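Shared between the two complexes below is subunit A, which has subunit B as its partner in the first and subunit C in the second.
Now for the complex of A and B:
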């Protein structure tokens, strides 16, 4: 029964990794680079949630308190978090993709966006540290200990909602990519951006949409993480995103459902590792498995053999 | 005039690829642009479509479109079938067609049915990934995809490249058919003989400049056409001939 409980906890944690892994996989599948601003966006969303709920916003949150009231301040947190992530995503798009693309053309593949996104990550972390320090920060969960039990198994209601929300969002995203006009354009840009332009697709207007979608995935995941685990710090993005990268690679680069399976799997693996060998050791099984997968099946469990563009 | 481009210049760094080229095309006309590799033909098409930075003016259907982005020019009816077909192999045949209709807001499905009637090979494979198509079928798909954008002018960049002689013949028949239905066509080709037999007028580019222009029948007999392919200063004794001419 205790093992089954660990499995449930792992699935809940995995649900949060899923959204971050899908964010990584979207940018890799479409724009072909590992976007290191994703950890920053996750952390920033969690921080904005914390700052709004605890009154630590730079401009104060009195008017938010009076508008939403003490019990619903978490809703203000969600709004502040999502709005600020959308703005930040668009700024990041300008400086990791658009400006470089316009200035250096195809040379922007891989290296320039990757390095500039790494720069964003470090700058963001240190801006946050200079504002709020690097110590762990706590919130009080707005939902308390809302749980129900089946037999001796405990289910946290916010966590179940998080998992359902995460899977629902990925399902919606997958539907958009496979079945809609926007999705066709995304896949055509992933394969041949220049030819997509010949069809009249304005690539420079679609790419910001992708950045905002990935930003929203990170934001929702960061918000849910803050609510469920109530303790965050400036490096929370690194901690979560490195595990999510492992999950994405496990599922196969550029494969949305692969990222879902991989994300859930690393969540379960992490919880079991902590249970069996302890928290200090937890990264070893995850990254050991990742290395093993890379040796045995470099395309991941569901990936295509093509490394590069057009893998949706 | 449907298309009237004057004094177009394209530079890639120090490479002056298109030098003060002026080309024009009337409603319902087929015009061919000929020249050796590197003569500037593809750069000229890209300048007309707006996918490279170019100096000069482009009038299309009476409007100055010089500063317009490529997507805006496509919406105006200036559509290109790119060299090497460039179909989307990760999309199905049908999705490729729908991508052609990206810039339209109405329902393109009735027109896809007309395309499928014209090309039964595409109809059979409409829900398969476009990667299953043969080279000839891919070219049909690329042209069909362009048709779904409702072009006023279709620009084809080396459409016969890599096709067997029978498929090339079918391709040029299709081009004539489309033209008979009223579509204006600008045809960039290495297959000089077929292109001149199909087009009403032509331009010959050499090292980025127009060295010869006029009626197709006049160009085919002109010695300067051969010069353009030999690179002007090339050794006249070398036994090279105009691509496509040796078949005769």
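Now for the complex of A and C:
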């Protein structure tokens, strides 16, 4: 029974990793680079949620409090963090992907968006630290300790909702990619941006959409993380994103459902490693597994072999 | 030398050593995001070899042995890791660093999560001497036939292969020697601060080192030197200027401007500060007519 409870906790944690892993996999699959702004976006969303709920925004606290009231201030938090992440994603798009298009005839030209995204990671982490410090920050969960039990198994309601929400969002996303016109444009860009342009796809208008989608995924998982675990700090994005990367690789780069399976799996693996061998040892199984997969079967469980073949 | 300047000089020297360690594979077009792993290995190995409850070897011997040990590990993992490409290689080296730090934290004889004290102290002269030696070695390395091979692989792997360059060997050598240098940097770190803690060598360190190299430029051996100096000196100067101006906020937020600078750099000079063209121009300027003649020939 205790093992089953650990499995449930692992699935709940995995639900959060799923969305971040899907965000990574979308950018790698569509645009072929490792986007290090994703940890920053996750952290920034969590921070905005915290700041709105505790009245620590640089401005507009009183307005939000009077508009939403004390009990519904979490709605304001969700709105503020989603809106700010959308704006930030568009700014980031301008400085990473746009300039990746430029050809300079050299092998490291593809390192360019990687470096810019690392630059953004530094900007956002220090922006948050200079505003709110680097110590862990607490909030009170707006939903309290809402739980229900089946037999001796404990389910936390916010966590169940967040798992359902993340799976629902991924389902929607995969529907968009497979069935809609936008999805077809996206897949053509993933295949070859130049040809997509020739076929009439407006690449410069579609790519910002990809960024906003990944931004939204990070924002929602950041918000859910804040509500579920109630303690965040400026480096939370790094911690979550590194595990999510492991999940993404496990499922195969560029494969949305692979990222779902991988994200859930690393969540369960993390919880079980903590349960069996202790928290200090948790890195070794996750990263050892990742290293093995990369060396033995780089395409992961469900990956596409053509992705990531470019130099960076 | 005041204590402050000395402390900054040490940080600068360590950054330079680390930067060259990552530069060697990057010169052949491979991004290594696992610097922290090699540094951890070097620091712990050298400390353990030197400590009284380890092997108790003299500091110099310990450092050389640690370097060889890290080189051996680098060689062993280079064979599988170099099979991976692009994003996969970035991820594989990153995973390697995480595994190393996870293992180091769990080794009881290395002090576990509390870290490990190191007996012998390396004074500032040794640190500077090692850094200078590493820089000179890398300049020499890049001027050899192998260095030329690395450059050609960086520019176009297939063409290099067609011209008979042994791409695989060149890459393995670059990766292994880079690993050795990172191990040496870790050893120097451990002996200077007399304390090694796996948590200090984290993902952020690997990221910063990779940024030194990519911003400095991977085309010439000047790149990492310029990048590392820039990264360690400019934020400090910025901090001083901000404090002089009486703005603590500016001093605290210097990394924000620094991040913006990185993003803008990628827009303006995507190949890094120092490029081959720039080096040739400078050489031409310094040597007068000969340089002009060469430019005319181009």
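Rule of thumb we're sticking to: the second predicted complex is superposed on the first by the 295 of 312 C-alpha atoms of A that agree within 3 Å, B and C clash if a C-alpha of one lies under 4 Å from a C-alpha of the other, contacts with A are read in each partner's own complex, and residues count from 1 in each chain.
Basically, a contact is a pair of C-beta atoms (placed from the backbone, for glycine too) under 8 Å apart; a residue touches a chain by one contact, two chains touch by 3 or more.
As the structure is a prediction and not an experimental result, all values here were calculated from the model.
K.L.:
Regarding the shared-chain residue A:199, is it in contact with subunit B (first), subunit C (second), both, or neither?
P.N.:
Once the two structures are laid over each other on A, A:199 reaches subunit B alone.
K.L.:
Does subunit A have more residues touched by subunit B or by subunit C?
P.N.:
Residues of subunit A touched, subunit B against subunit C: more for C.
K.L.:
For A:217 in the superposed arrangement: first (subunit B), second (subunit C), both or neither?
P.N.:
Neither subunit B nor subunit C is touched by A:217.
K.L.:
One more residue to check, A:188. First (subunit B), second (subunit C), both or neither?
P.N.:
first
K.L.:
Considering only the contact definition stated at the top, list the common interface residues of subunit A for subunit B and subunit C.
P.N.:
Residues 310-312 of subunit A touch both subunit B and subunit C.
K.L.:
Inside the complex, what are the residues of subunit C that reach subunit A?
P.N.:
So the residues of subunit C in touch with subunit A come to 26, 29, 31, 80-81, 83-88, 90-92, 94-96, 98-99, 101-103, 105-106, 112-113, 154-157, 203-204, 207, 210-211, 214-215, 218-219, 249, 252-253, 255-256, 258-263, 265-267, 270-271.
K.L.:
Within the complex, which stretch of subunit A touches subunit C?
P.N.:
For this pair, the touching residues of subunit A are 28, 32-34, 36, 95, 99, 102, 104, 106-112, 114-116, 118-127, 130, 238, 242, 245-246, 249, 253, 280-284, 286-288, 290-291, 294-295, 298, 308-312.
K.L.:
Help me check something: in the complex, which residues belonging to subunit A touch subunit B?
P.N.:
Its residues touching subunit B are 181, 184-185, 187-188, 190-192, 194-202, 310-312.
K.L.:
Under the stated contact criterion, what part of subunit B meets subunit A in this complex?
P.N.:
For this pair, the touching residues of subunit B are 49, 51, 69-71, 74-75, 79-80, 82, 86, 88-91, 95, 98-100, 102-103, 145, 149.
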